[in-house]
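One structure follows; several queries about it will come next.
Chain naming follows the written order as A, B, C, D and E, and within any one chain the residues start at number 1.
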Amino acid sequence: EPFRLVVTHLEPPVVPNSVMDLAVELGYFAREGVDVELVRVQQTPSAVAALQAGEGDMANIGVDALLQLTATDSADLVAVTSPNKSLPFLIAAKSDITDPAQLPGHSFGVGRLGSLDHSLSTKVLAAAGVDMETLDILALGQPPVRAQALAAGHVDATTMSIGVWLSLPDKTGLSVLVGQDAYYAAAPVVNKVNVVPRQVLDTRRADVEAVVRALVTLSRDFSNDPAAWAAAMAPYGGDLSPEQLQELATSFAGTWSVNGGMNADELRYTQDWIYATADFATTPKVTLDQWADFSIVDAVLAQLGVDETGDRPAR
Amino acid sequence: MRGTPCGTGTVPRALSLRGVDKTFATRDGQPLRVLSDITLDVGPGTFVALLGPSGCGKTTVLRLANGLIQPDAGSVEVFGAPARPGPDMGFVFQSFRLIPWATVRANVDFALRALPLADAERAERADRYIAMVGLSRFADSYPRELSGGMKQRVALARAFACEPRILLMDEPFASIDAQTRELMQIELMRLWMLQRSMVLFVTHSVDEAILLADRIVLMGPRPGRIMETLDVDLPRPRWTYDVRSDPRYRTLRAHLARRMFELVMNDPHSEFFGRDLTGHWTPDSPDG
Amino acid sequence: MILLLRTAFLVLLVGLWYLAAANVGRNVIATPLETLDAARRLAESGRLLSAVGDTLRVYLTGFALAALVAIPAGVLMGTVRILGKTLDIFVFALAATPRVAFIPLIIVLLGLGLEAKVFIVFLGAIMPILINTYAGVQAVDDELIEMARSVAASRARIFWRIILPSAVPFTVAGLRIGATIGLINTVVAELYTAVSGLGGLLALFGNTFRMAEYLVIVITLALIGVVVTEILRQAERRLEGWRGKG
Amino acid sequence: MRGTPCGTGTVPRALSLRGVDKTFATRDGQPLRVLSDITLDVGPGTFVALLGPSGCGKTTVLRLANGLIQPDAGSVEVFGAPARPGPDMGFVFQSFRLIPWATVRANVDFALRALPLADAERAERADRYIAMVGLSRFADSYPRELSGGMKQRVALARAFACEPRILLMDEPFASIDAQTRELMQIELMRLWMLQRSMVLFVTHSVDEAILLADRIVLMGPRPGRIMETLDVDLPRPRWTYDVRSDPRYRTLRAHLARRMFELVMNDPHSEFFGRDLTGHWTPDSPDG
Amino acid sequence: MILLLRTAFLVLLVGLWYLAAANVGRNVIATPLETLDAARRLAESGRLLSAVGDTLRVYLTGFALAALVAIPAGVLMGTVRILGKTLDIFVFALAATPRVAFIPLIIVLLGLGLEAKVFIVFLGAIMPILINTYAGVQAVDDELIEMARSVAASRARIFWRIILPSAVPFTVAGLRIGATIGLINTVVAELYTAVSGLGGLLALFGNTFRMAEYLVIVITLALIGVVVTEILRQAERRLEGWRGKG
């Protein structure tokens, strides 16, 4: 029986999260003795529903969704690893806005009021000394819609992932206002984790371990040899040239989850931060051990040893 | 025979209406009383003609007899049982009611399906009656490709083909030319004689009524009621001699024409009551 | 003649497309040539064909099921008036509720695979067919029904020979609308359950702004719609031949 | 008068069909020749009756005359111009063709809209003609609430109300009882005399044709063609004396009945050619 | 009587809902009581009302525009046959193409505000009305048209007094379907352009797994659909009174 891994992207994205797809393609899972089948869905809610329907064994979902589900006691899911702790976001704007300080009075696109990207952007802009309240906030929904709206001139700035930014074919009149590094520095939160239902953890523990082991191994290989990632991604880069992919791979240095991506401090910080957002104003409190399980990563690290180049496995 | 005879008489009645009332709801909420206290007993094998001014309720009587609508008061019985549509009753509708998406043959076939016939037998019968009304050449045509009279003949073929024990006919020859009408009358008499069926026949022609019927029922308007019932005591078959020169024929004809004239012109319920007739007009003038 | 006019209109449309592509940014519309190129590439890679196959399987199964359920249900609701009057309000309520809202429930009950997708298509396509058939049965000529009763036609014969043929223009229009909505729902299903087929490609190319490929998928969907409605037109021509309108 | 008179004659023709052919496409692809070489010239104020067996093409001639369909060969002219529908032509259709969702009044009103009348005048006229056909009580009823004869009278009122210069009437009295029919005939003659309109009148009754027409056109079947044209030389008005006892009437009637008999029974193109008639039958027996 | 049966059916549905809620996980279906509670909370906060207001504005504007365009267009295509035959295939193609596919283009051309949303609703609602009206006009009785021509009725009168009334059952069924699809598209529009109204709330509660609130929105949408179709039923009853079917 194959191990079904639910992912919310449709083909390998140009971020480290691609390890899940590439591990299938490059045979890493097979080498660990687990037959992984990728199930592709559009969004986190579909991924959650898939786990509950028994249509998947592990899913890559947003931490905010996991916290909601745990707090309302409506699903028994735990995070076991995070192949890509934070998707690299940036703030793009019209070219005539060259400094965040110019933003007040302009329109700014978010997914919806109170959504994770809204809260992240608030935090990033605050770090740049800009109060989000002084901006004209527009709720625009899906990331591609936000990018379209920016490109069409209907908003002046918005947050998007580096993948969306890179795939925009025509960027005339647009520029990056806050780069991905600055963005992450201002808002160092984990936004996606791989969860499994507790029942799967009990019944297929060996498979879960094998999956995590494969992801960690591949992350280490890419971390050591960025060119390997660029080569593996070549068919999926869209309009990106091999050079650009190579450049990107280099820029991901230090972000690969070489130790399973489970840092208790980061996760706790993330939890506290998410609880400070508007969406969670009335949500019951939870503790880290309710939604995260370190035993899998610990077992994997016991076998593979800890990689000292990054991704500190704090407990 | 269906059911057991009952009612007041001991003789079985083919059709029996007793004290039948019928009122239609109209759109402005005002109920329209259409039939009032209609009582009519017809024995099997009897040919009854129904005569009366336009709108007096003749069609409504036929629909009641077929069990298509129910009376508001009184009873309608066929061979002693409450009237209901069945293959032993045939109805030739005033407005033909052909199925537009069925060919002539399929229209006739549709009616035959209620009979316990084998496929081949049914097909043979449909073709035979289509030939009888002179439409063999048009058996595969659709109703919209037919002339008015041809449509009426399809309706005739459909009813005849069922060879029913009771035939309800609503002005069945109105759209057919005089000669074809005569042919159809002959075919009708043939069928009637052969099968001893009961016929309830609505017509606007006094001549046709006398020529065909054993009994003539004259209806008056608003609400429809039976004014008079007359037996036609002329020898049959009436085709073989010049029936019109028979003095009984002439008396009957004159009487009916005068009564019709009264019903249309002098009855205060008539739509033409008090109509001024410029030009001389005699009540017993021929009916065109 | 008609073919000529249609071609002329098509040429006009492609012209407009050219103009639009020239005037709107590259993020939104690719030119016809780029699209043609993308179509060739997609076709050669075999990706388009396999996606079309996936989509058609979901679409045709769901649509056929919808027709099979909706036509009898519509006739039943139209003939048994008490049933129709009781249920129709719920039918309209269900029809007005976004299918997307049911997707979590559908996933839990039917999973992410073919069954769930077919069911979403079914839900979308059934409503127009049902509503139209229901209306068609109510519009049937009472005089014909009375004639049929008078010749003691069985319920089944009245259904097959009077009610159904008389409702044909309604039902075919309902099938047309149902076919288009079913196709749209196929895309929705392919987006919201396990991503697959043309819907999956649409999302993929849309999210990554590969507009030439995106347009190829859009046009493929439109063509599927055209083929299905043309098949329906041929069916209608047979059924409605008696009108003699060609 | 519309247009200028033209054609072969110097007298203006109200209606002129010359060498008209008409073929219908049927569903099985076989074309059906319906009319062949119809030539007919009618002066203004003339009353023409069209007589012929069922399906011989009478309705088709009327539709051609109204310009509702175009001939395949030959020409159809009205007052010298190609025929086309207009308020100066009225058509009483064989199948009534009432608008089901319009009341009796609205049905009549619909036809009057083409005339240059003020609203009040139009309403008055509609009501006047509805009263004429005896339907004042039903002015607000819908067609489905009317009997067959009542529907036909609405169709009559609609055509009469337009007071057209040419009246095309397709068996306009077929569904009306004898007495009401007579009343309608009188009203028709009144209108015709008053307005000197031209009437083309299809009927199945030889008596009606002789009673009303100046000229009788006898048509034969398959393809429809004109067999004979007869002038009726009886003094008018024919209501004021017993026209039936006039020897000219008797001769004409017998002739027409014999011709019709031949057309229906002996013409090899007839649907009833060679039909075996059991029972004695005389060609000049009355037409029922 | 009918009311009683409807209530009985409603009770049955709520019973089924209870059962479903009890047997399926809490993050998929809330119980009726939780939903009622959530409805009270949402109503009291005024959030529901303002969302309904936003949604109705978009919905009714788009739907009204669709009806205004689709009915004349359908009649035109049905009467001017050459026009109809040339265009209908494109109409079907457009109808079969997911509206979602046009959203990038719509955003570029109409922005993210009311206009864009109204246009998306318009696009969804127009097709059923157009397709049904077109079918209705083609099914009109030729004999009546000939009668109208014979009394020299103007084109406008034939349109208003013959064609339109005869197409009423089709057009009303089309409006019914259009109304339901328009509502669905309103939600889509509120999700894909600037997020607002009931669609926005649906996304919010769906993404945060607040299922009781989510169901409140779903039921609100269903109720809007019921109200609109009931209004259409009343209109139809007036127009179709002549049939005497009540």
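Operating definition for what follows: contacts are C-beta pairs under 8 Å (C-beta built on N, C-alpha and C of every residue); 3 or more make two chains touch, one makes a residue touch a chain.
If you want to know which protein each chain is, UniProt gives these names: B, D = ABC transporter ATP-binding protein; C, E = ABC transporter permease subunit.
As the structure is a computational prediction, the values presented were derived from the model and not from experiment.
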item: Given chain C and chain D, the chains that contact each of them; value: B, E
item: C-alpha-based rotation, chain C on chain E, 0 to 180 degrees, nearest 5; value: 180
item: Interchain centroid distance [CA atoms averaged], chain B/chain C, Å; value: 50
item: Chain centre separation (chain A, chain D; CA means) in Å; value: 86
item: Chain C and chain E, separation of their C-alpha mean positions in angstrom; value: 16
item: Between chain B and chain A, distance of the C-alpha-averaged centres to the nearest whole Å; value: 86
item: Sites on chain C at which at least two other chains make contact; value: 25, 27-28, 104, 108-109, 206, 242, 244
item: Chain B: positions in contact with at least two other chains; value: 27, 95, 142, 145
item: Chain A: positions in contact with at least two other chains; value: 43, 45, 49, 52, 144, 148, 151-152
item: Chains that touch, pairwise; value: A-C, A-E, B-C, B-D, B-E, C-D, C-E, D-E
item: Of all residues in chain D, those that touch chain B in their complex; value: 24, 26-28, 32, 51-55, 57-59, 94-95, 134-137, 140-142, 145-150, 153, 170-171, 173-183, 185-186, 190, 204-208, 211, 237, 239-242, 244, 257, 260-261, 263-265, 270-272, 275, 277-282, 285-288
item: Parts of chain A lying in touch with chain E, wherever the complex brings them together; value: 43-45, 48-49, 52, 64-65, 68-69, 72-75, 111-115, 138-142, 144-145, 148-149, 151-152, 154-155, 279
item: Of chain E, residues touching chain B in the complex; value: 241-242, 244
item: Complex contact set, residues of chain C against chain A; value: 25-28, 103-104, 107-113, 191-196, 200, 203-204, 206-211
item: Residues of chain D defined as touching chain C within the complex; value: 25, 27
